[in-house]
Amino acid sequence: MPNLNVFADEHILSPAEQTWKHYSSQQIAMAALWALGLLFFLLVFAPFIAPHEPDLRQAHLLLQPPSWDDKGTVDYFLGTDDLGRDVLSRLLYGLQLTFGNALLISFIALIIGTTIGITAAISHGLLSSTLHHIMDTALSIPSLLLAIIFISVLGPGLDHSLLAILLASIPQFIRGVYLSVYQELQKEYIIALKLDGANNYRIIRYGVFPNIIETLVNLLTRAISSAIIDISALGFLGLGAQRPLSEWGTMLSGATDLVFIAPWTVVLPGLAILVTIFIVNIVGESLRQSIIAGID
Amino acid sequence: MFFYIIRRINLLVITVTALTVIGFFLRSRVAGDLALEGNLFSNYFDYLMAIVQGDLGVTSGTGQPVLDEILIVFPATLELCFSAFILSIAVGVPIGTIAGMQRGSSLDSTIMGISLFIFSIPVFWLASLVMMYFALNWNWLPVTGRLNLLYEIDSVTGFMLIDTLISDNPHSQDAFYDALKHLLLPTIVLATVPTTEVIRQMRNHVSDVMKQKYIKAAASKGLSKTEIIMRHVLRNAIPNMIPHLGLQFSTVLTTAMVTEAVFSWPGIGRWLINSIYQQDHAAIQGGMLTVAIFVVTANVLTEILTVVINPIRRKELYAQS
Amino acid sequence: MHILNLIKTILPLTVILLLTACDEQTKIKQNGLSYCTEGSPSSFNPQTATSNVTLDATTSQLYDRLLFIDPNTQQFKAGLAIDWEISADRLSYRFFLRKDVRFHQTDYFTPTRTFNADDVMFSFARVLDKKNPYHDVSKDGYPFFEGIELDQQIRSLVKIDDYTIEFNLVLPDSSFIANLASDFSVILSAEYADSLIALNKKADIDNLPIGTGPFKFKEYRTDNFIRYQRHDDYWGDNAKIEQLIFDITPNSSSRLAKLLTQECDIMAYPAASQVAMISEHDRVKISVETGLNVAYWAFNTEKAPFNNPKIRRALAHTINQDTLLQAVYYNTGVNAKSILPPVSWAYNPYLKSYKYNLAYARQLITEAGYPNGFKMNIMALKSSQVYNPDAVKMAELIQSELAQIGIEAKIIKYEWQLMENKLQQGEYDSYLLGWVADNNDPDNFFRFQLSCNAINTGSNYTRWCNSEFDDLINQAVTETEYIERVTLYYRAQEIIQQELPLIPLAHSLRLHAYSSGIKGVETTAFGGINFINTVRQ
């Protein structure tokens, strides 16, 4: 069908389009987004990309330097560790353990936290006030410390550390969502919606939700980056993932004795953590600014 | 105001109760320490009474009272935290102010970019690298420990800088400088992440203040830039920083606990993690209670402090209640 | 406020202070020595010790023994006993004690008399006599003495006069005198023990030690440091240094950092991986000695399938010692064919080692009735030991070999205390452990770990009992002829080789790293480090 609209009608951008327009105009933000995409790709396809099994120990290939070193080979692009395992493959599988788990935890925390936060905000009285108190308490303790407390009860281990970090990050969401929903509900257009006879669901879905997306994105990216730090810190301390898992923090703690003779075994896992968190933070920060720009 | 303080103290009580329940659970795993016969509540009550009297049990390793050991290791951690905290404010506030004054400028984006990068560095990794680099290349600076142990300094306050000064050891002055040197590297490493947080918060508050009409008024009065910063910007931005600083301090404390092992700093982090490895439940319980209660108390105090010194916040509260 | 100005003033000031403070430090450093060790002692009384860390930290510093083994000549030398006589039937040993030996004077105890026979009587009564008020003070018992069954060897201990004592044995035992010279057989103060009873503080005897050694106890901060001070009234030549610090730093990279920045003068057990790097550094040097030790992989021989020697032999064929030496020891160890190290005089050089051959191992396992392999666990210590720098890594290497022949191995990591509990309870398939000789007598390697009786006393964790082997080692200690003893020990090693309750993996070299100005640190092949002659130049 031909386009019958012959008049030069100015197309009004939706908030989402506004946001995207703002976001895509920033080069660094776009680069970070591409990098994030690459991380997701590697995350999903790590088993296919990794040139070797992460746990394959090759006694004749101990501490091979990375390929750019004179003694390195391309077969072991980032070298091997003290048990003859391919560092590149371990890092790729470690992406699943560290970054993958951080994403998983953060999304679960997002769902649970948002549900509770919204429920608390629309209800009044005892429930709201109890939640408020508990959240205040939980929030005043940093998540890593809270995780260490949980682990001191549960005992060390990857699953325990993930559970601990999840429990420690939910309150952040509840509190953030609660506050912003609560503020939205005070606004006049919500009262207008109420007068129109909208039920709770409609108020939340059409009135509140579009306006708290900025909060959610902010909370989510912060949660992901702090989950990466927490998972790897617990791994580093020997409280989280245990050897021989190739979680990045665990890889680091196993390699500290090697820093003089095989610096790549220490530098690379740390660099992996640093780069991943940096990418997440750039995307999060830029997205947040763009959403604000989109709403304005 | 009164209600506000009551509410905060209420929060403190709830937290401490929750923590002691966990502590009670841990402690009851220590065979023979707490009899599990009889009523659970009366057992818990006995446990609370014991804690109030400073009895946190004895460690399974050495049989020393847990409290005695904590009184030695916890000040070591706090000393490190205070110095890192002060450094992060000393560096973060001026840089944050500069960025906030020129929000949107290329200087601002550079500062924010760099601090976002530093914020992403895993501290335990940085600590390992710094330690190795300094040990190999600059070996005039100690990288581990709190003091050259050849100096015999009695632990009075637990804070090495104070203890070395009040010690009657003939070398106490040397010991003080030695302690200062030991503090230097861990402090810098530990201060990296909180500094970026201080920069971020300070920048936001300063740029908020800069939008206010009284700044324009001051500028039109012909005040110099320095005068505006000192008399208006900082005076209005810094009180807003205080609640963040409270939370910041807890973050520094946690980070310190993680890096202690790398710097062989004889603090509570290393001690607590050792206890977890050795499944020393009495020690875990004591260490956990101490750190957590300290953090919560510090937060409640900063919040109360905020309200006391910041009239604007106080007004909001009156409006609420 | 002019914050920037404030910073401008403070910063240079601090830097100046730091720089001027640099040379001041040398004064206190001249008279003190700091030794970076890897772990905390479990007690300050070696009689109760099970770990080398405890022995290193206590025996040679705080105490003396009746006699000791000269590290250079391997001969017995006079300690608190100036001389000794052995009767013709080799059943009684008479010791003549040194006079004018003073015990430590400290904040918590002031001795009123010098050392005499009562102190020797007390020190052994505490260990041997269950009725002695101090016998039960040690919650861990006296593992070394229980392992060698000293109470059954000694018929009586008699005080002849104030400076003469006599041990009467049940049977002649050629390892007896070596046991008295071991790091465990120290002499405590009977007077101190009496005074603690009066104060009702008996437990202090192992925590606030009093001995006659070259250093006295000053301060201990758990998991942090031990401070010793010179004992100025030492009976021999006084130590050259006034203060001795044991800086407890479990992490080996932190220990190395401390050595490089001169926080430590001597470093225990540099990680094997760091050795090459340290030897390149000009301000530190490294010392290497062959050690009387062995690392092994041992089995619970009471449990199927490990009760079948064929399975154990099959597992021996999965071991690639060269890889282990390279990956775990970084070539700071040597191949092990026997539980005895090659430097021991009873070492059997004719033993054949099990060749690394996975196909053959698989065949043996199939023949033993496990064509599909099986599951097993391997317990390994987390911390590095004299005989094994990294047991967990070793377990991981063994695990990947086992995986190739269908055996699924699970690695369980423990700290020593927890592992010892598990070993006592018998809940395990196999474990990686080792042995460091307490003296130069080969009996020390065999009796404690593999005799039938040691199953009951709780030190033979393999739970392997072989009557022929037991007869051989019992005969060997009553034998006096050197050739006869060697023959018996050769045969005993063959039996172990055949039955394989444990698979010897490697003998570790003993490493210490020093600041280059340090001279005169004495180490012995069987653990122990002595600082009495140490000087700084």
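We call the chains A, B and C, going by the order they appear; numbering starts again at 1 in every chain.
Keep in mind that, in the parts below, contacts are C-beta pairs under 8 Å (C-beta built on N, C-alpha and C of every residue); 3 or more make two chains touch, one makes a residue touch a chain.
All values reported here derive from a predicted model rather than from experimental measurement.
> Greatest Cα-centroid separation from subunit A: which chain?
C
> Give the chain pair, either A-C or A-B, that is connected by more C-beta contacts.
A-B
> Using mean CA coordinates as chain centres, what's the gap between subunit B and subunit C in Å?
Whole-Å distance between the two chain centres: 41.
> Between subunit A and subunit B, what is the gap in Å from one C-alpha centre to the other?
Computed value for the inter-centroid distance: 25 Å.
> Express in whole angstrom the distance between the two chain centres, defined as the mean CA positions of subunit A and subunit C.
48
> Could you list which residues of subunit B touch at least two other chains?
Where subunit B meets two or more other chains at a single residue, that happens at 128, 132, 136, 261-262, 277, 279.
> Residues touching two or more other chains, restricted to subunit A: which are they?
In subunit A, residues 256, 259-260 touch at least two other chains, as defined above.
> Give the residues of subunit C that touch two or more other chains, as numbers and ranges in rising order.
Those would be 251, 253.
> Contact residues on subunit B for subunit C in the complex?
Counting only subunit B, the residues touching subunit C are 59, 61-64, 69, 72, 90, 93-94, 128, 131-132, 134-136, 139-145, 148-152, 171, 173-174, 177-178, 180-181, 184, 230, 261-264, 266, 270-271, 274, 277-279.
> Give the list of subunit A residues in touch with subunit C in this complex.
By the definition above, subunit A touches subunit C via 55-57, 59, 62, 82-84, 242-244, 256-262.
> Given the complex with subunit B, which residues does subunit A contribute to the contact?
For subunit A paired with subunit B, touching residues are 28, 133-134, 136-137, 140-142, 144-145, 148-149, 151-153, 155-156, 225, 229, 232-233, 236-239, 249, 252, 256, 259-260, 266-267, 269-270, 273-274, 277-278, 281-282, 285.
> Which residues, counting only subunit B, touch subunit A once they are in their complex?
Interface residues on subunit B, with respect to subunit A: 10-11, 14-15, 18, 22, 25-26, 113, 116-117, 119-122, 124-126, 128-129, 132, 136, 247, 250-251, 253-255, 257-258, 261-262, 272-273, 275-277, 279, 284, 288, 291-292, 295-296, 299-300.
> For subunit C, which residues are in contact with subunit B within the complex?
1-4, 7, 14, 17-18, 20-22, 24-25, 27-29, 32, 34, 40, 203, 218-219, 221-225, 227, 243, 245, 247, 249, 251, 253-254, 256-258, 260-263, 283, 382, 415, 417-418
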